[in-house]
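Below are two complexes that have chain A in common, paired first with chain B and then with chain C.
And now, the complex of A and B:
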């Protein structure tokens, strides 16, 4: 079969909603796109543990602490499901992680913003996990089998992340005026970065068309962003929080909310590594790998010793 | 690839008594004991399992995807192995 015939057969499979599995033939570019997207997704889960992990010891009570710990542990699991999915495409895990540490691979720009107050933790659960869920639910039907299966498992676990955040904000918003103000301040800082999580606008998105054709993505960035805004407005109203956008209003004709243009200059600055926490986040990951090396070495040595005892 | 990368393990979980172990994913671990412990932490955080198997990925032998058509051909052509192949009169019951 020629290359062109293989590509036609491949696209026919995609069009018929047949999932692609690791050993199936696939175009190199499909493989590369998946490696880039899934590893970026995996890194986001792992780096995403940092801003929240920082608050585990400072959670206001034992219940909140247990919940936050469980959430952060879930994110570690999500990172692992996704690293496993990347590995099925023939790239080594070590390489994938080193690409993050060298700055070659990206992760979601949202995690380059600091979590300054306790209200930020609730807001992250509500808005950041909320935006992630919007994206991930769509990816449950992605064309690559291992990625789709990882997404299904992740989505099952994610919904508690958003609900615990919303519940925590609900508490703050019905508390003292200071607590309510703290929640509003978190909202003001996280709203726009949350909208940026959906990536560049469709007009500026380099990989979008091909990814839609290959059904790696099922919806465009702008479509998902719009769904997120539409779903979130009423939730903010119930909290009594104001969305920091004077142009946000219902558009009867479109059947959607209109909202202001995103500050793309800020978006690209953060993507390029100039956000408030980029350096800190990467440094924390590199440090974790380096300072954890002895644990991995000890485990390897112990496994060898045990194997020797067994065979003796 | 670094030489000290741990082996890859495939994880199979029995979700409840009476059901098969089912493949749920993979992970890396230095040996079977740690693979089982990691599998518990990664794949059964919400009581998804009562039993776990881990198998080193290199120990799995699989059919060749390129030969699949000819490999499975013998069963595809034998439609008389299915009950719907046979005609019985409408009045016949319990069959």
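And now, the complex of A and C:
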């Protein structure tokens, strides 16, 4: 079979909604796109543990502390499945992590913003996990089997995260004026970065068309961003929080909310490494890897010794 | 007298759980491998769960209308009765695992004995916690063996952690008049019995790990009487930050 025939057959499978599995033939570019996208997603889970993890010791009561621990632990678990999904495409966890540390691989820019107050933890759950779910629900039907299956499990846990975030904000918004102000401040800081999570606008997105044809992506960045805004406005109203956008307005003709243009300069600056916490986040991951090297070596050495004893 | 002795006893168990959980929570996002990040936060989560049940019980015994959060968050440093061992800094992974191992090897036989206590609530908490603690001990024992019998570096780090932490282990078996009155009433086990079991576990695991029990037997204590190390104030600064900065609010 020629390369062209293989590609035609591959696209037919995609068009007929047959999942692509690890041992199936796939174009190199499809493989690379998946490795890039899934590893970026895995890194986001892992780097995302840092801003929230930094509040575990300061959580305001024991129940909140337990919920936050459970949530951050879920994220580590998501990182694990996703690194495993990348391994099915022939790239090891080690390699994937090295690409993060060298700056070659990216992660969601939202985690380069600091978590400054307790309200940020609720807001991250509500807006950031909420935005992530918009993307991820669509990914449950993505064309690559292992990725789609990982997403089904991840989505269930993410929707719990979003609910607990919202519930935590409900408490603040029905609390004292200080608590309400804390929630509004978090909203003001996280709203725009949350909208940026959907990536560049369709006009500037380099990977979109091909990804949609391959059904890796089902919706464009702008479509998902619009769905998120449409879903979130009512939730903010219930909380009594103001969305920091004077141009946010229901557009009857479009059947959607209109909203202001995103500050794309800030978006690209943060992507390029100039966000408030890019350096700290990466440094924390590199430090964990370096300081843990002796632990991983010990585990490997011990496993070898035991295997030798067994075979002796 | 018995009520206040039991309150004191349960408070010690609660504080040990809380402060150790607080320390383990610091590892989140910084573990040497992802699987250990999950394991350490999981142990922390179990300990928080135990602390909630234990503080609730302590609050009932006290009968002053305080709840678990008020006990956990709103006491002064010298009112916390945890052992010094659990407040020691995480150090490297070996230090964290050895601290946890010494603690688990103590907690398991203690919970096993408390399951037989005629104090029903205490026995029920022990029965629930014993399963978690058995898993924690299995996990930390495996790592002690892996580090001890792994590489030269891991062996040295594990031995250094043992040498450092050994001085804090004796306090696990602290007893005073409260304990003695509860023991006389048959409600709690004698610490000598728990210590013997602890020593048996520690000896056998360290032996398998090719690690040594330190010869220096100098002992540190004070935690059970509310005299803590310098680390404790910083732990409480983090723990209590929200409750102190925003008093009387619901979260």
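Going forward, the second predicted complex is superposed on the first by the 307 of 312 C-alpha atoms of A that agree within 3 Å, B and C clash if a C-alpha of one lies under 4 Å from a C-alpha of the other, contacts with A are read in each partner's own complex, and residues count from 1 in each chain.
The definition used in the following text is that a residue touches a chain if its C-beta (ideal position, glycine included) is under 8 Å from a C-beta of that chain, and two chains touch if they have at least 3 such contacts.
All values reported here derive from a predicted model rather than from experimental measurement.
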First (chain B), second (chain C), both or neither touched by A:59: second
Which superposed partner A:95 touches (first chain B, second chain C, both, neither): first
First, second, both or neither for A:46, with chain B first and chain C second: second
Touching partner for A:69 - first (chain B), second (chain C), both, neither: second
Chain B versus chain C, judged by how many residues of chain A each one touches: C
Doubly contacted chain A residues - partners chain C and chain B: 70, 73, 77, 80, 296-297, 299, 302
Interface residues, chain B side, partner chain A - complex: 1-2, 4-6, 8, 24-28, 30-31, 33-34, 41-43, 45-46, 62, 65
Residues of chain C touching chain A in the complex: 18, 21-22, 25-26, 28-38, 41-42, 44-45, 48-49, 51-52, 55, 68-69, 72-73, 92-93, 145-147, 149-151, 153-154, 157, 235, 238-239, 241-243, 246, 249-251
Sites on chain A touched by chain B in the complex: 21, 23-24, 70, 73-74, 77, 80-81, 84, 87, 92-95, 149-150, 153, 157, 296-297, 299-300, 302-303, 306-307
Contact footprint of chain C on chain A as seen in their complex: 46, 49-50, 53, 56-66, 69-70, 72-73, 76-77, 79-80, 83, 118, 168, 171-172, 175-176, 178-179, 284, 287-288, 291-299, 301-302, 305
